[in-house]
Amino acid sequence: MINNYLITFLLAVPLVGALLLLLIKKDKENLVRYFGLFVSTLAFIISIIIYAGYDSSKGGFQLVEKQMWISNLHISYNVGVDGISLLLVLLTTFLTPLTLLSSWKSINKKVKEFTFFMLLLELGMLGVFVSLDLFLFYIFWEAMLIPMYFIIGIWGGPRRIYASIKFFLFTMFGSLLMLVAIVWLAVYASGTLGHFTTNLVELYSIAPTIPYGIQLWMFLAFALSFAIKVPIFPLHTWLPDAHVEAPTAGSVILAGVLLKMGTYGLLRFCLPLFPQAAIHFAPYISTLAIIGIIYGALVAMVQKDMKKLVAYSSVAHLGFVVLGIFAMTQESVQGAVIQMVNHGLSTGALFLLVGVIYDRMHTRLISDYGGIAKIVPVFATFFMVASLSSIGLPGLNGFVGEFLILLGTFKSPVLDSWWFAGFATSGVIFAAVYLLWLYQRVFFGEVKNPKVNELKDMNKREIFILSAIFVFIIWIGIYPSTFLKISETSTKKVIEQVFSPVNTGSK
Amino acid sequence: MSLQLILFILFGTISAISSVLMITRTNALISALFLILNFAGLSGLYLTLNAQFIAVTQVIVYAGAIMVLFLFVIMLLKPEHEKYFSHQPKLKIFAFFIAFIVFIQLVFMIFVSHPSQGNNANVAASVKAGTIEEIGKQLYTNYVLPFEAAGYLLLAATIGAIVLAKKKFE
Amino acid sequence: MNIPIEYYLILSGFMFLVGVAGVLTRRNAIIVFMSIELMLNSANLSLVTFSSYMGNSTGQLFVFFVMTVAAAEAAVGLAIILAMFRNKLTLNIDDINILKW
Amino acid sequence: MVQLIYLTTLLPLLGFLFNGLFGSKIKNEKIIGIIGSSTIGISFLIVVGAFFQTLSMPVDQRQTIVNLFTWIKVGNLDVNVSYQVDQLSLLMGLIVTGVGFIIHVYSIGYMHGDKGFGRFFAYLNLFIFAMMNLVLGSNFLLLFLGWEGVGLCSYLLIGFWYDRKFEKSTTSDAAKKAFIVNRIGDFGFLLGIFLIYLTFGSLNFNDVFARAASLNIPQYVFNFIALFLFIGAMGKSAQIPLYIWLPDAMAGPTPVSALIHAATMVTAGVYMVARCSIIYASAPAIMEFVAIIGALTAIFAASIALVQNDIKKVLAYSTVSQLGYMFLALGVGAFSAALFHVMTHAFFKALLFLGAGSVIHGMHDEQNIQNYGGLKKYMPKTYVTFLIASLAIAGIPPLSGFFSKDEILWSSYADGNIIYWLIGVVTALLTAFYMFRLVSLTFDGKERFGHDKHPHESPAVMTIPLIILAVLAAVGGFIGIPEIFSGEHGNQFDNWLEPIFQPAQAKIAMFGVHSSLEEIVLMVVTLVGVIGSIYAARYIYIKNIKPAEKLSKRFNGVYNLLLNKYYVDEIYDASVVTPIVKGSEIVLWKFADIKIIDGLINGVANLIEKISGSIRKIQTGVAQFYALIMMLGIVAALFWIILSL
């Protein structure tokens, strides 16, 4: 019985936590930090309970709670998880406490507000992943922008205002079109079902009957919004700015979770709701994804700022995820889902590591470093593992995702060409180039900047944060079944929805 | 020609002329006085329409209270005389022109729709509608909520006026 | 009730447009304000006319409420004019253009 | 023992974890060294045990699959972490752990006193872990895991002394180059794996090979699979055009060069092609291609080795050249000959590198052979073992190199093309020449080093491995004595591997009719040539250095071309690396990203700002003006109403 309220409980924890936080006095900074950590850890524990309560063999939406909200319009508070969202919920609740922990020392001003916004951000992200009602989804989707806007705008770098406004406008622009599409869908539903509705499960059943021509437009409206969030080339330019200017915690959440909302949206809404349009657009979007993979990698290669490099590498990695989704095979979609988690872990780790060194040196320029492997060996080791995970070395997490995606793309009936996989695979070369080159310039060679001689190696707190991430990096690399199993039936269902005979018949 | 028509012509002429004079005086004080005259004319018109309550209220509230307020402010501030057509004369002529056009349109519409045609006015009902009794009954039954709201509005306006008009503490 | 309703309406329209002309052309804020009062009253005249000709008191009730609003408006509006005069030492609305971009 | 085979990967992994986590805390080199070596030693014993157990089984049951756990299972894809113990993997396993163990022991002496002692052993153990996965894996994915893993270890170990200068930059440059060039190969390999999965629906060796032999699959698919896989092999095994990383890889510590860049890792490509023999046998065009690449690489690298002055560079190019031999053998279908050469090469090339390491160690990190000379009296053990290895690589009977090289030459003559044979022979002559140039300049002649150098023999922990390897290099060839000498037993080595290659051999028409007389004649011709070139090298570089100098002056262009390795690095740099880097920076980033995409977006923003900037002027702030406009609206609205009356 309690299961029915678990997800509501999960959403309530950061919300109530954030509100309670307001009662704490401003100058008790440590109390604020511990409280924030406590709340986010509690959310993590609840998400573990949700994981335990989720039956991955059954698939479908589980632990569903539904309360009528605006009954005239059939808008309901409807939450639940399936395998795909469960993984992302786990990722979110896992990363949030770590980011709070990582900003223990680096955020000194307005700690209370920072923690408050981080908790709100967590609420928004979780809400996006568990919503089963488009209206609710849209609210969380937009609401999540606000704390992120402030996190970049207040605690960011020198160009934070530019970056935060750019971030906000970009994402806002896309989501407005999505709102139009949502309203259209709901109105369409009132024609077919006899009542206006935004319930996802109901829409799943009727959306594929939308005439092909309109489906294309609907698909584009949704996809544009998600594509900006992902971001798919050429809509990516907000990302480097936002990443570079955001504080470490912001970058980690941005890369780790926020970008996943775009790919999650594609998988949850675009594919099942508009299957014919998705099939129609799959080659085009895949092409953009592949351009993103190669382009992101090449541009990352020549960056002079470490964070920017990692940011561009995100473009490349997310290109893989999008490719996987639009290849629409079991292998590739599973790969895409696991790659979302992987990217959250390995890029998150990279951002954390850049943050660690930025805290000490207050510069992110690659040319300010060199030869520091000798001075900070532990840091160097961690950075190496994170880079290798990002490169996709077999035995670490990145490989599993990339391999499945590429394998699926290769045999994809929708794309039906070797070229897609062929070009995408070349991304593995470039990933090695830019990360190893970065590594070489920062860690190897001779010490050129005398300042780095005074660098201190990672402290226990930082080691703890990264070790926690690395446990999963290695776990997914060696025994991915734990995670693949969670989403297996769910991804299978998505693919079935896309290719179900009804859709192909009505074309 | 009935008495009613004579009264209408009398009060109507007073209202119309005083309104024109009001907007053309350079001295605000004179304008205000013409406006009071206009309100008085209106009050008379209301009486020809069997609206006793409104006619009385018009005199008490408008001519009595509101215009006194105006006069106070005018005398308090001593506004300068303005040269009427000196500033942007073309714009002003244009404004008059527009107003005239709208007036023509209105008249045209009124005559085309010809409202008096289907109107079989019931004098008894008309007289009853204008009594204080009827209005009071309506006010405290069907319109009690707007009536309360109007009270709050006045309260808010009072407070607002005080806050706006008082000197700032410095 | 032997006067055609049109007469009242035309008078009301005339007064309204005189008010409009006043609002549009005058520069003295107080006179502009008084023109607005004139417009309100012309509308009142229409309301009362219809109310009387239809034998229904609703129109007159409306006039009652309009007067309330007008009183409130006069109080607040004059207070604003006062405050403005205190700041700018003028009532010329050409000089009061803080709405400008 | 066969069932315990997983220990051969587990133990090195544990060794890696132990030395990696605690290596820097434990100051005692002995503990680290013993742990690092013993894990490999025990693994070796297990492999030996498994070998004898397998040997005792009937021939058709000699394959065992040891299944550990499910790795990736999605849709139809089902990949397990499982090891395949059969003749081929046991052979490779023996080489890897055996030679690996010897080199581990040697490293205890060689790395003595290095700050990164623990780290070094951790990496070496990790390498063995990856390499064992590579050779034992029962599917392509596990093979790929090992494949990438050894690449990583190679990267880590080449850049082990990351702050040391190496050529124009630092060792880390060489390391990066190695990894990235390997990645280019992996790109092909991955495509090959995808295509295999697409074609056969599985990645398990047994399924794939069974289906490859039985299913009716279009020729071009086989060609593509074979080609893609071979691209991977080109990278890992340093074939033209991806060989460039291997010479640079010598930036790493010498035991690393011996273990990874001579004996084991670089032969992974050979192993992989041999493992997929059935696929290659089904793609004759690619077989031909493999042979051509192999032959070209062999002679190309050998020619560069002729003039190099860095002792390790000579050996590196020699390795590239020998790998070319192996691919030549694979290309002509002599799979077991290739593996035989892998084995003997592992012995003598490891020995050569370790010997070179011993020399470098004794000469205080001097690597230029022009600054050596007359070292044989200072380091006799090193000299003798080095000489044995040189004779072996030159192909002097009855040392191991003779048998393996001869088998390759014979197969290339018998099954391939006379041109392959000719290239092979010329390469053999060049090999003999540069090896003895090396030996002569290093150990014989006058001492050309300064008085500040005090050459000395290495400690026992280094020389004993040399001796063991020397014995192996000397006698290792006897297990593969050709049929014409051994009589009815035939070639033991071939017999052992025969079940693995049987399906492939069945596809290729093997062994045209050639008389044994032919074989012996060719053998003698080669032998005479080799001895001649050894003599020439010794004559020139010990007794009379003049002709060499004259020759190099006379053909100055050619000499410089060889000395600069045909300028391949520079060509790659100018044609591939620089355009990509500069293009990415100037065109993609600064132009496309910032100017076009971002410029477009910021341009739209600016445009809107400008338009609104001019529109806002309409807002004069004069309320009357607004009222006037409103009136205009009213006029229009009333007009509309009038029209509709």
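Going in written order, the chains are labelled A, B, C and D, and every chain counts its residues from 1.
In this section, a residue touches a chain if its C-beta (ideal position, glycine included) is under 8 Å from a C-beta of that chain, and two chains touch if they have at least 3 such contacts.
Computed from a prediction, not measured in an experiment: that's the story for all the values here.
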Chains in simultaneous contact with chain A and chain C: D
Smallest count of steps, each to a touching chain, taking chain A to chain B: 2
Between A-D and B-D, the pair joined by more C-beta contacts: A-D
Distance between chain centroids, defined by C-alpha means - chain B, chain D (Å): 100
Distance from the mean Cα position of chain D to that of chain A, given in whole angstrom: 37
Gap in Å, rounded to a whole number, between the CA centres of chain D and chain C: 94
Between chain B and chain C, centroid-to-centroid distance (C-alpha), Å: 6
Residues of chain B touching at least two other chains: 95, 98-99, 102, 106
Numbers and ranges of chain C residues touching at least 2 other chains: 20, 24-25, 94
Numbers and ranges of chain A residues touching at least 2 other chains: none
Pairwise touch network: line, ring, star, complete, or other: other
Chains that touch, pairwise: A-D, B-C, B-D, C-D
Chain B residues within the chain D interface of the complex: 91, 94-95, 98-99, 101-102, 105-106, 108-109, 112-113
Touching residues on chain D, where the partner in the complex is chain C: 616-617, 619-624, 627-628, 631
Interfacial residue positions of chain B with respect to chain C in the complex: 2, 4-5, 8, 12, 15-16, 19-20, 22-23, 28, 31-32, 35, 38-39, 42, 45-46, 48-51, 53-54, 57-58, 61-62, 65-66, 69-70, 73-74, 76-77, 79-80, 82, 84, 87, 92, 95-96, 98-100, 102-103, 106-107, 110-111, 114-116, 119, 121-126, 128-130, 134-135, 138-139, 143, 146, 150, 153-154, 156-158, 160-165, 167
Of all residues in chain C, those that touch chain B in their complex: 1-11, 13-15, 17-22, 24-31, 33-35, 37-38, 41, 44-45, 48-49, 51-53, 55-58, 60-61, 63-65, 67-76, 78-83, 85-86, 91-92, 94
For the chain D and chain A complex, residues of the former touching the latter: 24, 69-77, 141, 144-145, 147-149, 152, 155, 159, 162-163, 169-173, 175-176, 179-180, 183-184, 186-187, 190-191, 193-195, 197-198, 580-581, 583-585, 588-589, 592-593, 597-598, 601, 605
